[in-house]
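Here come two complexes built around subunit A, the first alongside subunit B, the second alongside subunit C.
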Partner chain A sequence: MSYFRIFLAFLRVNIYGETAYRINFIIQLFQSLLNLGMTLGGLAIIFTYTNLLGGWQPNEVLALVGVYFLIGGIIRLIIQPGMEQLIESVRDGTLDFRLTKPADAQAIVSLQRVEIWEILEIILGLGVLIYALVKLGEIIGVLQAAEFVLMLTAGGVIIYSFFLILSTLSFWFVRVENILVIFQSVYEAGRWPVSLYPGWLRYGLTFIIPVAFATTIPAEALTSRLNWQTLVGAIALSIVLFIVSRIFWKTGLKRYSGASA
Partner chain B sequence: MSKEKHNPMAYAIHVRDLSKFYVVSQQETGTKAAFQNLVHRRKTEVRAVDGISFDIEPGEIVGFLGPNGAGKTTTLKMLSGLLHPTSGELSVLGYVPSKREAVFLRQITLVMGQRNQLVWDIPAELTFELNQVIYRIPRDSYRSMVTELTELLDLGSLLKKPVRNLSLGERMKCEIAAALLHRPGVVFLDEPTIGLDVTMQQRIRTFIAEYNQRSGATVLLTSHYMADVAALCKRVLVIHHGKLLFDGELSGLLQQFTSHKTIIIQLDNCKANLSNYGEVKSYEDGRYTLRVPKAETARVTERLLAELPVIDLLVEEPPIEEVIARVFAQEEK
Partner chain C sequence: MKHLIQLYVQQFKTTLAMMFQYRASLVIWTIGQVLEPLVYLIVWLVVAKSSGGSVGSYTTTDFAAYFIVLMLVNQVTYTWIMYEFEHRVREGVLSVALLKPVHPIHSDIADNISSKIITLPIMITIAIIFVFAFHASVAPPLWAILVFIPVLLLAFSVRFVLEWTLAQAAFWTTRVGAINQSYFVAFLFLSGQIAPLTLLPHPVQILSLLLPFRWLISFPVELLLGRLTMVETLIGLGAQFGWLIVSIILLRIVWRAGVKVYTAVGA
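Coming up: the complex of A and B.
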């Protein structure tokens, strides 16, 4: 509860900071629409040649694109900005102000920045997702919806933990911003079903850079593809990665404070 | 241990044989060396703080003096829990800082003159409210503290302006206020007046004294400016190359480290050779400045008055900056 209040306080700070640069809203809107347009255009072209993409029908892929935008928006709304600032603050020393606060420093660091205009990307993603589901004409049961939300949450936790692990590398190597940029490029692979890719790449996108968990698997829940093994696996992986990322954070802090030397 | 007059817990800050060594990799310049650095770095140990001990009573204002790289900031960081000591004993208000317990962090604060916690694009007021939430300050207590700080620091409308529009001095005042909202009992100030003009330095100094008086908080302050320390601190700690050179009253520092005094005399319209009284430092319009060994000051003064047509005579301690500079210079040798 108190961390929710901390989040709201940070949110207020960020919203105020953003309104000073109203132009960002326009830029973000333009960028999101362009990105969506390119993706949908690409999709339209591909489906003039084939009716099935990695075993997915056009409207199913559209639902996946919706999930891709939704999760991408969440990443750039709350996950990535805080991590970027973490890396920055390790370098310029302002992390000291976070560490002298009487609250969990990981929570503060994770909540400290919100790029509010990314909400547009989330809204667009939801819009595409709902449109695709309507076109599919499939009736989404309570169980399926619950599975979807569960997989979306697991995917979010997996991506967050993954980002945190990458960002804590800054405690050892100081300059690691580029790692987050690499993730961004790899994430783009998530707009297609991972079943489309050859085995080694599918494996990489699932377990090395866990993009599949963020996009394909939640979309599978909506298109009746999800089996219980994947469901349990995703939940287990999210818990394990979260714990591992916490260990990375603690070890990194020890390094920062010179406790490990 | 039981023979000690004070229980370490009774001190606000208790430090024994505190050390902090860093291992740093040396980077050599040049292309070839740059590639070698990628593979293998030469490591050297730096003794930032090397076995210092001191105790600070609750409510004291203590100045921490030393040149750049002396170990002041490293010590403050250890005291505020940011750095783990390599060895030694350390307690602040009875807590071990490096554990960073919330109860401990709630009672301390750290202000760094060279770094900002205020968010650049927004008014300081919003960062204040953020701190209110993080420190869980009750609303009434928060409001009265903001009112009090606004009055003491003359913040006025500054809190409503985006921080980027404030001058350096205004920003520092807001930084200090943001750091004190939770009424900390121990305040660490690292170069709080750096880069500020004289008026603003004075303003901040007055405030620190006033805050200490009102709240009874313990204050440990580092500064480059001797005036800060002279105005605020009865007691100073002098640190150099990680070692504590002096711990005591400011006047004692002068006593201990000055070997000479300065005698300034004005003679009635005559030129005299004063070199057999002491070292003549300057001469100007009948005004001589002499440097004499401290022990001989009285005797020389007596002789001057008896043997020369003296209009005016003044005995001065050398400026404190000079004394400190000499202390550090001696250490270099």
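Coming up: the complex of A and C.
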């Protein structure tokens, strides 16, 4: 519970900081809508020539797009900003201030920055998702909803651990600020069901850069495609990766010597 | 003229040294440049296969050829100035460039060409692998291949001048992100990067004829695919020349006005 209080405290600070630049709200809204419009435009063009893309109906792909925006928003709201700050603070030595706080440093580092306007992307994603589900006319049972939330959480944990592992590389190689950009450009591929891609790319998007766990698999849960092997696998992977990222963090921290020390 | 050549040679050395220093960025950047056309290629291949092997006038091998050539044309004409200029204005780095006795666009052109020379072999290798992996085939007439070279150079020039001009928006606002993204979205649809333009709705096709984007990407691509008649090619060349003149005039006007409103922090 104390981590939640830390999060709230950071959230408050970030909101105070951001309210000084209120126009950012309008700009973020404009950019999110533009981004959504682009994605929907692309889908509209493709679905004038087919009504089934790799076995997915238009509204099922739309649900996937909703998940894509939802998770993308979560990543840019809380995961990526903290990790960017971590990389920066390892380089210039300001990580010192985080380490001296009387709470787990990993939690502080992970929660320290919140890009609050990204909440718009999350709302937009949810909106698209709900619209798609209504259009599909499918009754989402309790079990399916639970599976979806479970897969979304597992996907979130996998992405968080992946980001943390990449960011802790800064303890060994100081200049890694570009490394997080890899994820951004690869994440674009998550707009489409990964089953479209040829084997090598599908494995790459599943196990090397885990985009599939963030987008396709939660969407599969909603469109009754998820089998129990994938479900168990995703949960197991999220636990393993979380532990591995913790080990990376601990080992990396031992190498950190600070700027002033 | 002589000192300009020296400038270009010197910029080439600097860029080369920097790119070897930041090898990781090079890999990351290459992934982005390759992945986007690859994703659309795969999506259209899936669509073509599910509708009997072709969509419009494009068969699966045509789609493969289209997106592989597109990847290369995009690589040759690509600029990153719109993302960089804001930093120059905001941090006042531009002041140094303004003190130099040559127009700052020259070092940007030199920098762009230098990094292309270094990255082109990588992109061509990837393109060749894709040609075999996706069974792409092109059979353009000889004249089309010959005209392709000047068409590509014109496309590079227009895109460079246009984006350099647009980057000047940073003189008036520090929030260029929204402008850049609007440009990027228009570019994506109207230059043929999402789909060959003949597959887009009719109004969008007409719009694409009136705007510069298609003449920078899909025109060179379709030319090399042997899909254009000589008359269409001449019209395209005319459009490219027209946009080159328009964009150079715009550049001069905007640059002059922009430098006047520029005030470096600390100066």
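The criterion applied here is as follows: the second predicted complex is superposed on the first by the 256 of 261 C-alpha atoms of A that agree within 3 Å, B and C clash if a C-alpha of one lies under 4 Å from a C-alpha of the other, contacts with A are read in each partner's own complex, and residues count from 1 in each chain.
The working rule: contacts are C-beta pairs under 8 Å (C-beta built on N, C-alpha and C of every residue); 3 or more make two chains touch, one makes a residue touch a chain.
It should be emphasised that the depicted structure is a prediction, and the values quoted were computed from it without experimental measurement.
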Considering only touches as defined above, state whether A:Gly137 meets subunit B (first), subunit C (second), both or neither.
-> neither
Does subunit B (first) or subunit C (second) touch A:Ser257, or do both, or does neither?
-> first
For A:Ser2, select first, second, both or neither according to whether it touches subunit B, subunit C, the two together, or no partner.
-> first
Which of the two partners, first being subunit B and second being subunit C, lies in contact with A:Ile108: first, second, both, or neither?
-> first
State whether A:Leu99 touches subunit B only (first), subunit C only (second), both chains, or neither.
-> first
Go through the superposed model and pick first if A:Gly17 touches only subunit B, second if only subunit C, both, or neither.
-> first
Is A:Thr50 touching the first partner subunit B, the second partner subunit C, both, or neither of them?
-> second
Which of the residues in subunit C come into contact with subunit A in the complex?
-> 22, 24-25, 28, 31-32, 35-36, 38-39, 42-44, 46-47, 50-51, 55-56, 175, 177-178, 181-182, 185, 188-189, 194-195, 199-201
Any idea which subunit A residues touch subunit C in the complex?
-> 23, 27, 30-31, 34-35, 37-38, 41-42, 45-46, 48-50, 52-54, 176, 178-179, 181-182, 185-186, 188-189, 191-192, 196-198, 201
In the complex of these two chains, what residues of subunit B are touching subunit A?
-> 20-23, 77, 80-84, 86, 98, 100, 102-106, 108-110, 112, 115-117, 119, 121-123, 126-127, 129-130, 132-136, 162
Residue positions on subunit A within touch of subunit B in the complex are 2, 5-6, 8-10, 12-13, 16-17, 20-21, 92-94, 96-97, 99-103, 108, 254, 257-259, 261
